[in-house]
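Take a look at the structures below.
In the two complexes that follow, subunit A is the common piece, with subunit B as its partner first and subunit C second.
Up next, the complex of A and B:
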């Protein structure tokens, strides 16, 4: 009994040290602790207003052969709804000028349009295919789309050091049956709520991929962004490295820069 | 052959000159294609050449500023064909300025606009003239001079188009394929309007979406993009006659899970061949990520035209069925095969296939083929029944 009590005290101590927020998690019931962590991550990201950055993906197969994709990604925060984003590809050169407009929603399907520059055609596409590979990479569409809290249910697993800070490990289960995953395990630091690592489990419940975030930088609006993300597929031996550069926040952008006319202007 | 070599040198000249543009601010990109087309049979009207080696070049120069709200784009195009002099041609695909000011967007210059949702036929697409010598599928378009003003609000996108200059359709020459017995003489073009080529055409369009439904209603009034072809009095060729036309169109697409339901309706009143209506209705179903990330799509469209003898294509009641496979791999492999079935004759009338795969960052190969079978007699398809071809091309993108 005594041993049991001291274990509880020890656990509480660990928890309270791992948490710097006033709303400390020992007062969050265990059942809701996972959701609480997800909300902290979401709140920390809220207020970024808009972001424009360049991204370069390097795809590597088992034999070490590489190919790259580069793009400009603009995103726009929408109050009370998911973010809007516009992705403009610049390489491989045959897809240059192809652009992708996405309006994320918490629970309804996302609205997505594709601009095909050869025909100057805008095509509305089904957002159902979230589990498919993004540009042949190890990232699925659902991995790169805006992460809304409502898209998963959560469970707290344990406290653990993440990115050299006291952190948490949570499990999240996608609400959408069209997701390619049965669950994801997320490692997040408990001070600045930076994600360190995500493990993805496929529909057969076996470990499929690991996404590692590194080279975090804090920007002038206090937001942290990883400059490097590495997605490793454990089943195929393939990997994709995603490098972010020229990250800019708070530009003079409006919702008009995220509509179908803007999609057609994109170069 | 000498002329052919001269043209190659001339195209290289364009490449050289446009590479100078790289020193200016903005972006310089483009595509160079080596295309090798082989016709399975010799033509039925003395156009016996079965091999068309051609080169095309489409450089693109763009400058964008003010968060990409203002863009100037220049995109010339040129092709030289070893088979057909008429297929060797140049065009300005784009030379325009587009600027967005809050709720307004203005586009001035030569540009291209696409309307429609269907795949087998672009029924309502009317702004740009078809560059028919490029491909018999009619997907290639000539640059159209225009002033296009768009106004966006919560009720959608409202656009007006003023089209001050008319572009004539391109047609195959004596040695070319996809023609009838008589060659179209584009120097003998006849306009029914006294304004001729400078008739100002206009259009209005409202497009919007709600949830999973996208739609657009458009109105066009001006020179009909489709000419009537009439034998010249001396019987040596055909003269294209362009009349006036008015058209109203509606296009819709509704997404239900993996289904895209599509419809295009067109009501057109023409000076030359009266009023008619036509439609394309169908669906596209995708087995998304069905095996190792690949997508398998099934397409079906029903084509209807209420003109009893819709002689030009011979398709007044027809079905299109197709299969599209996208591997979504690092090479972006895609394969599409489709057929058109004529309900009146009960026969397949043509089958086409398209496939492409990236070689590396800058190179890509593509395969394309069209095969004609059982064409309806006295239709346009009957005239081109010996023009089935298979083509391999290699593209360089920079």
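Up next, the complex of A and C:
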């Protein structure tokens, strides 16, 4: 079964490299078209090697109160597995220097550790939390961890204009039963494969959240990154805005910068 | 005089063109009634509070900062009294899992998905207390004894999700309703009930009770629907029966029935057009309209039938009957409408709705009584029944008897009114909302069960602020929160306190290798903040701290559950707690408690204050109407006596007989005022007529009034008393109180109209004149 799947993926890859978008849509059988789109997104993102950026997260509640957290996020591309990432919190003050290390895996639970400077210890975090909120925000872990193709099954919904370009709408269903979602609807542009927005459906199949990507910039390595991500919770009226700045690629980083010792040195 | 001619001309017009007026009446009623299709049912207790109600605003702010949910509480009792065994825990797991899929559910808390934390080597493990994998493990490795100990030792669970002897547990589903349509709650409740029966099939040997805010909302909704669908038909039956007895004419009953029906259609249609949702208070509008509509018809029909007996031709009898009654019927309808419209002063929107719907219904009843009613009896055969001369003579004799004992009556009535009136402040207002429902109501049964066996369902919330961003990790703040939690735990009515400090204490222990000596608050601020971060990062979907900690981590929500309490006990506990915060904590923690039960705790007081104003205004207006219509300042002012005394007696008697009431009591004054006035309008109008047109002395005029309206007043009062007494069949206690107290007041009003009023009127003539009663008794 697995072999068969990977054969299809390989076939799709060949096709995708050898045809234009419009043509592909015709060639890829309807049943495989959703997966094909997911592959395109993954391919477009592949080869970024590593990335360092600063992020500011602003949480808002229905009463209009706001709270901000800021952090530095380093990511490291791993061939044949999910990416590794290291997040170092710089504010709020009480958690300054706290660092979070995560090894994403396609199908197994991610490995996660947290370094607590007040305790001077690294603590492993249990793996059933992927659906839980990240730093009390409206983002769940699974929303911001690296998006491996194998994490979902796909279905193509329709063609639609996304980010002012010809694009696609696909539905993806998480493979992991521990996911907090029953499905996600993804809008992606069909030229540079930038995601426009994602709608998240909760366990009772109601629309829970919408994540909107905006202010896309293209960097020197041709990669597109959104500078602004806004997550709105439709059920609670709360929202979180994530602003990315100082995005840099291709720094001098090795896997040793993403292990438990690195976590303690992080600050 | 001019009015009389108008009355006569009108009566002739109607009797000459009956079909036209019937068509007009039908079109009017059906035009309004067309709106009936837009009627919605409100199932939100919040609707009982005005948008600017301070308790509602406080609670909404709390919900905006933390989370807005209404709980649906599944209370599970294994028949063998032991929760910690494979079958029960598997059942709880099943229920927990499925509850996530209930409509509008956002969070599910149970003993199985409780996020148990413990140390394993150097790691903090956060996991479900027991997973389905562990439960279905064929080797049965789990120790139920250990699970039981963990649960009972956990302050977040013991007394909330599990009782002290581990025989009853709960699955608490937090639902967030968007409030976009009225079927949201009934839909969620229907699914919850389906889930219960599925659970019972799959896991026999378990009892399930359903309580919580969602069920409360639904109970309001169901009580409203039930009242409308059971009380209204009951009322129809009762009314038709009484009318047959009283009128003894199929045509008269039929005509009255049509007037009633069209008035209700008009009133309820108006509700539809205005987008007024039906709630338990407004669900009784049809019954009230019916009761009031019938009085107009009875007065007119009684006159017509009386004239027929006297040998008048049918058409003349109708014209004369209408002429005699047009003005009093108009006046009584106007005063009733003034009384009901004054309900708009209430702090509770459902009472505005009751007042407005009823006002439209009463206006319709007046219009139809002077158009459709005479038109129908004109067209259909109508015969005067047996003469009830006997009754009239008895009326006259009563009048004489009263006027002869006027001094005694005035003294007795005054003393009684003062004594009974002094009892009014002793009425205890209790708005413990579970008590709103009768003891056989399923919500009441299940909630009482929950309170007896698991936990109090009356929650009070405190929004405790540290006064600084991220300040919930400040040890000084946490210490105060813990002291406050302990203060509340010492309150005898408090069954459970949910405080973030218990999470901090547990985490501190876990981070020190589960050493019991570290089960205390962390001593350093950064340490506390980082523990919390670690814990938060470990929590799964839906079980986060967002309902307990604000986005800025500057404040926390502390919740206490209270068991069986009266409204005054709740207010006492809340006041003590608020004072404790003021005396012992920094200013940022000085806060007011908020919750639905606190909203209801103030509803009576706020309504009483608001309705005193409304009732007094209605009183003033009605007295002015009386003065103008009687054309006499003296008799207008005298009308205050029969209008005011029955209401005072009614409340006072309630205080003596029952002693306890809820917020509906505030509106009884307004509701009955407009009705009570009707009797004095009829009596005084006739009294005045005798004085002016016939030149009678006061005593003779009193006898004349007795003769002419005495019978009709008894009849309409009996109908009104029965009509309001039908409301006592309601499962909703507030409707029961409204019905009982209104019926009592109306009965007392008749008594006063037949005793105190004639006695006072007799005095109003000054020195007694010698009257010749025999010569008066046959005048008409």
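Keep in mind that, in the parts below, the second predicted complex is superposed on the first by the 244 of 267 C-alpha atoms of A that agree within 3 Å, B and C clash if a C-alpha of one lies under 4 Å from a C-alpha of the other, contacts with A are read in each partner's own complex, and residues count from 1 in each chain.
The rule is short, and it goes like this: contacts are C-beta pairs under 8 Å (C-beta built on N, C-alpha and C of every residue); 3 or more make two chains touch, one makes a residue touch a chain.
Note that the structure is predicted; figures quoted are calculated from it, not measured.
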item	value
Overlay on subunit A: subunit C relative to subunit B, clash or fit	clash
Contacts of A:62 with subunit B and subunit C, given as first, second, both or neither	second
A:260 touches, of subunit B and subunit C: first, second, both or neither?	first
Subunit B versus subunit C as contact partner of A:204, first or second or both or neither	second
Contacts of A:251 with subunit B and subunit C, given as first, second, both or neither	first
Contacts of A:105 with subunit B and subunit C, given as first, second, both or neither	neither
Which of subunit B and subunit C A:126 touches, first, second, both or neither	both
First, second, both or neither for A:95, with subunit B first and subunit C second	both
Contacts of A:180 with subunit B and subunit C, given as first, second, both or neither	both
Which superposed partner A:54 touches (first subunit B, second subunit C, both, neither)	neither
Subunit B and subunit C footprints on subunit A, overlapping residues	59, 61, 67, 92-95, 119, 121, 123-126, 128-129, 131-133, 135-136, 180
Touching residues (chain side subunit A, partner subunit B) in the complex	59, 61, 67-68, 91-97, 108-109, 111, 119-126, 128-129, 131-133, 135-137, 180, 251-254, 256-257, 259-262, 265-267
Subunit B residues within the subunit A interface of the complex	27, 29, 31, 62, 64, 67-69, 71, 73, 98, 100, 102-103, 105, 112-114, 116-117, 139, 150, 152, 157, 207, 209, 211-212, 214, 253, 255, 257-260, 286, 288-289, 293, 295, 328-332, 358, 360-362, 364, 395, 397-398
Residue numbers on subunit C that touch subunit A, as the complex places them	61, 63-65, 67-68, 100-106, 122-128, 176, 178, 469-470, 473, 511, 524-531, 533-534, 536-546, 549-554
Interfacial residue positions of subunit A with respect to subunit C in the complex	59-63, 65-67, 92-95, 98, 100, 112, 114, 116-119, 121, 123-126, 128-136, 140, 178-180, 203-206, 235-238
